[in-house]
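Two complexes, one shared chain (chain A), two partners (chain B, chain C).
Showing the complex of A and B:
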């Protein structure tokens, strides 16, 4: 528990980080630093995106797997680190 | 061999096997044996089995059920054991058996009801031992393993048919040779076509006809066949019979808190966090360091666009067009110029007399009408529209909310209004690129039709003579459509979002606010109106638009603002002023939208009938608190005055103008420009005398930027409309300085000398389109020049507005700093002087006396000298006195 907190703190201390969400493999958020409605929205939408991205990568090469996904938009950047059972979503506002 | 297992044969077979004695009684076998004819099921006793070496399940098994027995052995056995032998039933067959060996098959599964069976014929034996492989597999094997071998062709009669069908020559080919007479070889030939019907014997026809002698029925017919898939297209449409809205309401899945707590304890989550963190941190850091998606190539291109590489870019202002008109601009100077706010390429200039004093008793006094000319890009030498003025106009402006209304200030102090809505189509028709159909509709006077055809618009209203300024009006401005003011100067909400109020200033030390709407009826104005009605009926020769008939000759200002001097008595004489354009969020949004919709001036926006509008009562309107009611005024003496226009109640209860807040004398002569920057609400440029200054509203101590004095008088100045750091200054000798605060702050970035030969009277920039930025320059001899601003001067650099803002802030600090230091120095100086005075208190008095004595002595010397000289010449005053009596 403490380790998880520590990890979150480390990430949160980086410049520009707006929010962090930990989601389980079904897309249900476990831990978050944002408000509930945003969390739920992010978790649901990004879960689908990650599934699609992962299946794309694996279709092309079954030996391959998705390690990181970055979605950059005008206002901010969403970084997703998937894993077997969970994935971590970080929303950052880039400096420029 | 297909096994057949008739159940009924069991007992018979069994009985057959058991009853050895009845073996010879084969006829008892009424039923057909359930086994093929060529095998014989039999039982062999273990003794027999041993004898023949075919012990069940030992020598012969399910896998290898075949045993070849010698015929001789069987016969021997039969002989030895006679009837007991198991082989006795087949004795005859064995004896007849042609071959030496018989096949005994161990029938493990009792297929034929017995333990063994004997194969009776050699063919069957062969067949069993070498069973033909199941047909399919054999066929396959053939195809796979063996390539088909070519076989001898056996004729089946097909070659006859082929022979029949093939084409053979039945006779030799005929050939014809055509040649010409030798002498015609090489001679040119002319071929032509000919129809066969032209010549009588051109062809010979063998027409087909039905011969009645024959009636052959065609029995056989060759025809070709082609298989074509049958295509059929069909479609179906579903009918949505019951239209129903279906919706699903869902709730996201969430874990309860305990579950979350639980999951957080998991080891796997820890591992996950540990493994994922380095990646995430790296990505976050990458973002921080640089923007990976920044397109350098594009940014490079945006800074210097395509046109620049062609090499023919001029860095300076290029002359685009020059306007002048022989008839109207002779001996006139231009006092003011304005671009038409909506129509492209149309500008208006106000012409005034060059000589400032008109002596009325001069015999050569020529009355030239005072006009405002409208020029258009399509025709540089012919004005498109003429506005008739009662007198010379020094300043005029287009109404920001309705570009057809123009207000002007006269030399005699009156305010004049024009309405050009009737002629807008004419102006629109003169846009470059459109044909000039409107001008030459009457075609019988082609020579001088242009001059006759310039439409003239008479002014539709002038202000009342009694309430005019006592000096020429030098500046006129419209209040922006976002607010209006009441009779006491309080800014209130503008319900209609149109500009209805005008501010004028004049060197008679007053600023007047005028309203276009009908003012509330006061008792004496009725009499005024009666008089004016009489006057009006007398003189309305032309068709004057009656937009402002309610104002004509009765127009009085809303209120006056006077400018008492701060320190001394007397008043300031304003020449130019600038007010802050109030932009309230909601209103400006609406007005810009409406303006965009109404490029042609059609009335999808409500252009109110001005005569119907009434000045709202001051009590009902909502007061806008955040309007900046302060004005910056430039005066005749070169002072810049910062004052508030709101009237305040003084001791006696009358509404009185407040004393100005600040005044600085920076320019030492007439101030001719006070203009706010289009980018910053609180930065003001003023020019006058021999220098110019930039002020920041709110900084009370002086200008934040003051230019060094130049050799020529600065006669006009204006900010660039697209770059916050660029402004233009026009000079007395006809040159223009382009100042760029980003490049140099102490001298102009560019100087364009000799733009014109005369004094520049007015500069106005205009952004016609994103690629065309113009600067109009007007001068003292009536010429209007339109210069095109090069890209380098109208494309702002990156973050220019921020940089300029910072620069101004720096300057402000510098100013404050300087003033503090000045105070400090002044104080120090005073202290030093005091100190000095204390140490030498008598010296100043002494020095004064000494000076006096010295002066007197010199004077006496001079007088004696003068006396001696005059005596010498003989003009000594004593003698002169005698002469002058």
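Showing the complex of A and C:
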């Protein structure tokens, strides 16, 4: 448990990391380091994206499953690690 | 039977009796009996089978009737007559019924949804069971019902039912978010996801450095340019800066090292790096041992396994009882790491899993070393009998003067002594010198501490040992009484000996007397000597790619020597950061990089640039030097 907390702290302190959000399976954020409005916005939008991505991957081959999703934009990169009951979102700006 | 529809519809009150536990436990007897048969509709049939017993009478009657119908036409017996019936008054009565509520339900059935449903009946049972165990959650009843519903229908209706159940859950969920978080954080999958995420983030941060490590072309600039590079060919220069660089490569640039990154974390800060080793199977996994070498500061030691995927935190951290002095990975079991420590104990760790680390320790062995184990080596013997897997043996050399071969027995380690490093006094070796040596040995049976050893790369029964007195002994593992040869040149402890992997029979030794000596196996005097600064040389390694390049680390700087260019001066000199001493050195096997460990716990990765890769046969260089031996002076004083 302490190890997990430490890892989260380390991730938070890496260069350019803007925020970490953990969202449960219904799209409700349960842990976040960003402000409330951004968190809710990210959680809601990314939830739909992950569902769509997962559906795409599994439609092509039902035995396959989505393991990681990275969305790189001009300003930052959003990394999403999905799982059955939750997913982990990290937003990083690597050129900081 | 009549069906009663009352004119006024009354609401059926949902009267629920509170079901108590006792009532549930009560045994209630239920009697089932059959009612009388109620006939609701009876239409007798108009067909009779030909085989029935009154068939003849019926056929007779049928014929008579047909006869009558035929005779009807012109017969006086039958007269047509009309009648009119009165139609009664119609009365309208209106009845209203409840409108049937229609709800539209739709679902998208996807290929994976169907796959899940077909696959999951086996797995659903196992899924429901752990959920039922969460007894303190109010969602238990909801969950089991959801599972049951899934079993019922194939796909379409479950989504709507499930969503309504989820709404109920969400309402009651505010308090459970915390405990949900705890549950998530404890799961292994989450830790794995965190690991992957951390590596992705660090991949972004260190991308140019890691690309340089892997010798991929790098473009200076922001993320955008890197993306463009992926799309188009790297031949087309993107910016004027890169064009310049390409033109520049024609003019020779001096060899240099570029610092890429440093493996360092708060655990290792302040500890001194004592040894480093690459994994034999995964050449990107690095094990680093930390331990203070001066015995004044007895901190317990630490071993960290680093991967280039995460330069800020080690993959494995092993806390040891005493300072770590040397380590090595095994060939046959690549996850086994043998660690030698300052109190003489030898422990083999298994780094594969995070939890079970220690495999076996030498603490119960009677023959164990009582003094710091200065070097450990796994060696593959020559072809074993079957010829398939080479046998592997673990050797150590320690400050108590013994070289031991270890093997695992009865859940512990046991060793046999391979050689004792007897002290040899400075009497010159004469033809009959052996006898006098034996005499002195019997008087003074002290053993000289051994500091380093190395096995011949081709003949694994021959090895070299360096001692505290500056002597290098060549020994054979079949002869444990005598040294085959003794090489004398150093007059201070020999810190490191290493055979050249590319040129046969050539080895290097470095010592605290500020010199490095290059020897050939059958010559008792060194072929070449190197000296550049007045500091003890701690570590020395040959380059795995180029036969004439080797690196040396003394306390203040990293030196790369190239025998092709110069035998008097190192080709590259990299001074250490102020206040920090460099203590150990390792070449990377697949790229042109050097790793240097220092006394602050950092392992810095340097990339060698512009070293001429045209390596002439190193043997030629050595032989030429041998021939010119008489004419050249080697030392810079």
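As a working rule, the second predicted complex is superposed on the first by the 91 of 96 C-alpha atoms of A that agree within 3 Å, B and C clash if a C-alpha of one lies under 4 Å from a C-alpha of the other, contacts with A are read in each partner's own complex, and residues count from 1 in each chain.
Just so it is clear, a contact is a pair of C-beta atoms (placed from the backbone, for glycine too) under 8 Å apart; a residue touches a chain by one contact, two chains touch by 3 or more.
For clarity, every value in this text was computed on a predicted model and none was experimentally measured.
Trainee: On the A-aligned overlay, A:92 touches which partner chain: chain B = first, chain C = second, or both, or neither?
Mentor: both
Trainee: Touching A:44 in the superposition: chain B (first), chain C (second), both, neither?
Mentor: Once the two structures are laid over each other on A, A:44 reaches chain B alone.
Trainee: Considering only touches as defined above, state whether A:9 meets chain B (first), chain C (second), both or neither.
Mentor: In the superposed model, A:9 contacts neither chain B nor chain C.
Trainee: Does chain B (first) or chain C (second) touch A:17, or do both, or does neither?
Mentor: So A:17 meets both chain B and chain C here.
Trainee: Per the contact definition in the header, classify A:68: touching chain B only (first), chain C only (second), both, or neither.
Mentor: After superposition on chain A, A:68 lies in contact with both partners, chain B and chain C.
Trainee: Would you sort A:30 into first (chain B), second (chain C), both or neither based on which partner it touches?
Mentor: A:30 contacts both chain B and chain C.
Trainee: Mind sorting out which residues of chain A both chain B and chain C touch, each in its own complex?
Mentor: Of chain A, residues 1, 3-4, 7, 10-11, 14-17, 22, 24, 26, 28, 30-31, 67-68, 70, 72, 77, 79, 81, 83, 85-86, 88, 90, 92, 94-95 contact chain B in one complex and chain C in the other.
Trainee: Help me check something: in the complex, which residues belonging to chain A touch chain C?
Mentor: 1, 3-5, 7-8, 10-11, 14-17, 22, 24, 26, 28, 30-31, 55, 58-59, 62-63, 67-68, 70, 72, 74, 77, 79, 81, 83, 85-86, 88, 90, 92, 94-95
Trainee: In their shared complex, at which residues does chain C touch chain A?
Mentor: Touching chain A: residues 110-112, 114-116, 166, 169-170, 173, 177, 180-182, 184-186, 189-191, 193-198, 200-202, 204-205, 207, 222-224, 227, 312-313 of chain C.
Trainee: Which residues of chain B touch chain A in their complex?
Mentor: Within the complex, chain B touches chain A at residues 252-255, 260, 263-265, 268-270, 272-277, 279-281, 283-285, 287-288, 291, 293-294.
Trainee: Sort out for me which residues of chain A touch chain B in the complex.
Mentor: Against chain B, chain A makes touches at 1, 3-4, 7, 10-11, 14-17, 22, 24, 26-31, 40, 43-44, 67-68, 70, 72, 77, 79, 81, 83-86, 88, 90, 92, 94-96.
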